[in-house]
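You will see two complexes here that share subunit A, one where it goes with subunit B and one where it goes with subunit C.
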Partner chain A sequence: MQFQTRSTSDEVEVRLNGRLEFTDHDRLSDIVGLLDGQRARRFTIDLSGLEFLDSAGLGMLLILQEEAEQRNIKLTVRGPQGDVKRSIDLARIGEIITIEP
Partner chain B sequence: MEPASPHLRPFCVMWTRVPDETRARIAARFAMPGFELSGFEPADPAALPSWADALLLEQADRDRLREAFDRNPFLTVELGEGGDEPAALREDWTGAPAVEPGFYLSLTTGTAYGLQCAVLVCDELARRGGLRADQRSNVELCLHEAIANAIVHGNLGLSSATKNQPDGYRLFGQMLRDRLEDPAIKRRRIDIFCRWNAATVAIAVVDQGGGFDSGAAPAAVGGKARSGRGFVFMRALASRVAVTDGGRCTVLHFDL
Partner chain C sequence: MAMSLSDSRVLIVDDNEFNRKSLALVIRRAGISEIAFAGDGEEGLRAVDRFRPDLVLLDVDMPVMNGLEMCRALRRNATHEELPVLFQTALDSDEEQVRCFDAGGSDFISKPIRPGECVARVRHQLEKRKLFNDLAAYRERVQRELSHARAMQHSLLPESRRIAAVAERYGLILDAHFETSSELGGDFWGVYPLDDRRVGFLLIDFAGHGITAAINTFRLHTLIDRFPMEDAAPSQWLSRLNGALKDVLPTGQFATAFFGILDLATDTLTFAGAGAPNPVLGVGADLRLLDSAGLVLGASRRARYADQSHRLPRGGFLFLYSDALIECGGEEHGPLGQEAVPAFVRDALAVNRLHPLRPMLDRFYARTRQPLRDDLTAVWIARRA
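Right, the complex of A and B next:
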């Protein structure tokens, strides 16, 4: 998985590409680090470029949600497509995290 | 088979001369409960060829595996650094019937981690006519989850409970790195067995870890649980899921 970051005054957007899976735990630490030192109150994870999401990757999204909550930052997941959307729907993650089309 | 690249060692191996450990794994897995397929009942041993196409790889990577698969071996075995000795192939074998169509892949954990084995295996299943395009996505996700479990919870011996501690994901990541640096752990095997017929495709994923209580695998995971959804995916998308060998083997069936 690779990611790019874009920041504005009120939002940090992280765009994920490739596959988010059990071999990506180290990248999770990097993304959690983006929650610190930001004045923005909104944190958006853009999945529109992601091709594959496994159960471990879903767990990472939940960890990001908890880490954002602890910092009083609103986390939103945006744009899951195809197989990634299937994983999110199967796990009913939308009941916990705000998912935007 | 055609002459191979230097890193591939193709040969026809007599079933009576496959190393005991490998033969036992093949024989046990292809005959295991839940892995039999109708139309593949044990054949008359006298009618079976006494040999099988096999390929040994000193060290596997994605390109070498694809090159190996292109030669249509039944057995594809990565020897791995410090692992099985090639000389072991000349030791006694007790014979195991060849099953067709099907294939067997044995990798070390150090190689399987990060190799996206499910993609490779599904590519090969599709290439050999064992997987329809419209089933590919679900089969690949289920196989990926089974392999991930076999690597992380099986051979690396890591529990997802670690992630639920404060800052647990960092600890989990560190433990994962540490175990992948342990030569003895890296050499543990992930075996993947595939066979299919007109009605179904069956895939078994076997590890050499400590096993687990399959009855404790959740049928559903809700709320904010950070783990446990792999089996939920498999049970939702596969036609049948069986866990045997004390949790060391997961067999997935997909009806065609």
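Right, the complex of A and C next:
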């Protein structure tokens, strides 16, 4: 998985590309780190470029949600496609995290 | 800090007594006291077997068998392949050094002896060997413990005798496969006789795999007994399990689940899903994917689950599996994918009407890169016609 970050004054957007899976656990702390030192109260994770997400990847989204909540930052997951969307829907992650089409 | 070499054993092979004594003196000062001697290569080989040295200091020119031959003989023996051998040689002879390396030497010490250099090279080799042995011992211990843990994990699952007994009691055909991607895994399945007409089936997959996921299956096993299944709808039972898992699982760890109860008196399967892959239900010629969506277990205390009921009469079947079946692919074929599972089952039924699990697995393994990236569990549950 690779990611790019774009920040504006009120929003941080992280675009994930490739596959988000078990082996990406070490990268998670890099993304959690982005939650700190930001003024922005909105944090968006754009999944439109993500091809695959396994259960460990879903777990990472849940961790990000909790980390954001603890910092009083609103986390939104945007644009999951294909298999990624199917995985998120099957696990009903939308009951915990705000998912935007 | 330098490592203590007091328990290291060194064999000195040299036909010249003065050289043997000088070398011994030098390395004794480095703290090595276990020293043995040999006067030629043949004696040297015998001494290696008897004395079991950690390092050999070896002269090149000796009667009976020279140092090069002795070293080659050592390297042919798998036990001594890694034994450090330091040749004593004139350091200005390039040709001789090449011969020593070709014979399997690890390094050189100069002749005549230079004490500082000699100790430094001996120490370097012995420390390397110690670290290597420590690592090998550590690896072996971990390996042993993992294989114990693996046996424990397998003991959580229904054993074949029990599967056969349940199948007999309820008029079922039951086949199951369980494979972890490394020594330990995060999958779990169970079969639970509730009364004379009802039997429960549970399939759980903890996120990730390996040791963390496996520890969660042990946690799960103790929780399952805490919540009786007899008087709860599958959705209620999953809710209770979810609450208990939420208490013990750190954020980011969760499980997908399918829990279904088959009622033979009413020919009904009632189930609740928590994000498990869609099971396949087969009745007559109709094969369909069941909707097993639901919030994964252990993620939120607020999770609520819903029951669904489907007819499952004699001759019908239910196929449960973990996501490895649809997410693992190979070089030639990508992953199978959820939508392809009914056709996959249908093809296997054409090969073996009563026991299609075997042909399914054969086809899966033929198209999938191994070792698997995730744990695979598959359970075939059919009612006898």
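Basically, the second predicted complex is superposed on the first by the 101 of 101 C-alpha atoms of A that agree within 3 Å, B and C clash if a C-alpha of one lies under 4 Å from a C-alpha of the other, contacts with A are read in each partner's own complex, and residues count from 1 in each chain.
Criterion: contacts are C-beta pairs under 8 Å (C-beta built on N, C-alpha and C of every residue); 3 or more make two chains touch, one makes a residue touch a chain.
It should be emphasised that the depicted structure is a prediction, and the values quoted were computed from it without experimental measurement.
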| item | value |
| --- | --- |
| Side-by-side fit of subunit B and subunit C on subunit A, or clash | clash |
| Greater subunit A contact set [subunit C / subunit B] | B |
| Touching partner for A:75 - first (subunit B), second (subunit C), both, neither | neither |
| Subunit B versus subunit C as contact partner of A:56, first or second or both or neither | both |
| Contacts of A:22 with subunit B and subunit C, given as first, second, both or neither | both |
| Touched partner set for A:92, first subunit B, second subunit C, both or neither | both |
| Listed stretches 111-119, 147-155 or 165-173 of subunit C, narrowed to the one that overlaps subunit B | 147-155 |
| Common interface residues of subunit A - those touching subunit B in one complex and subunit C in the other | 22, 54-56, 58-60, 62-63, 66, 83, 86, 90-92, 95-96 |
| Residues of subunit C that touch subunit A when the two form their complex | 205, 207-209, 251-254, 256, 275, 277-278, 292-296, 299-300, 302-303, 323, 327, 337-338, 373-374 |
| Touch list for subunit A against partner subunit C, complex | 22, 54-56, 58-60, 62-63, 66, 83, 86, 89-93, 95-96 |
| Complex contact set, residues of subunit B against subunit A | 113-114, 116, 137, 141, 144-145, 148, 151-152, 160, 163, 169-170, 172-173, 176-177, 221-230, 232-233, 236-237 |
| Subunit A - residues contacting subunit B, complex | 19, 21-23, 25-26, 28-29, 32, 52, 54-56, 58-60, 62-63, 65-66, 83, 86-87, 90-92, 95-96 |
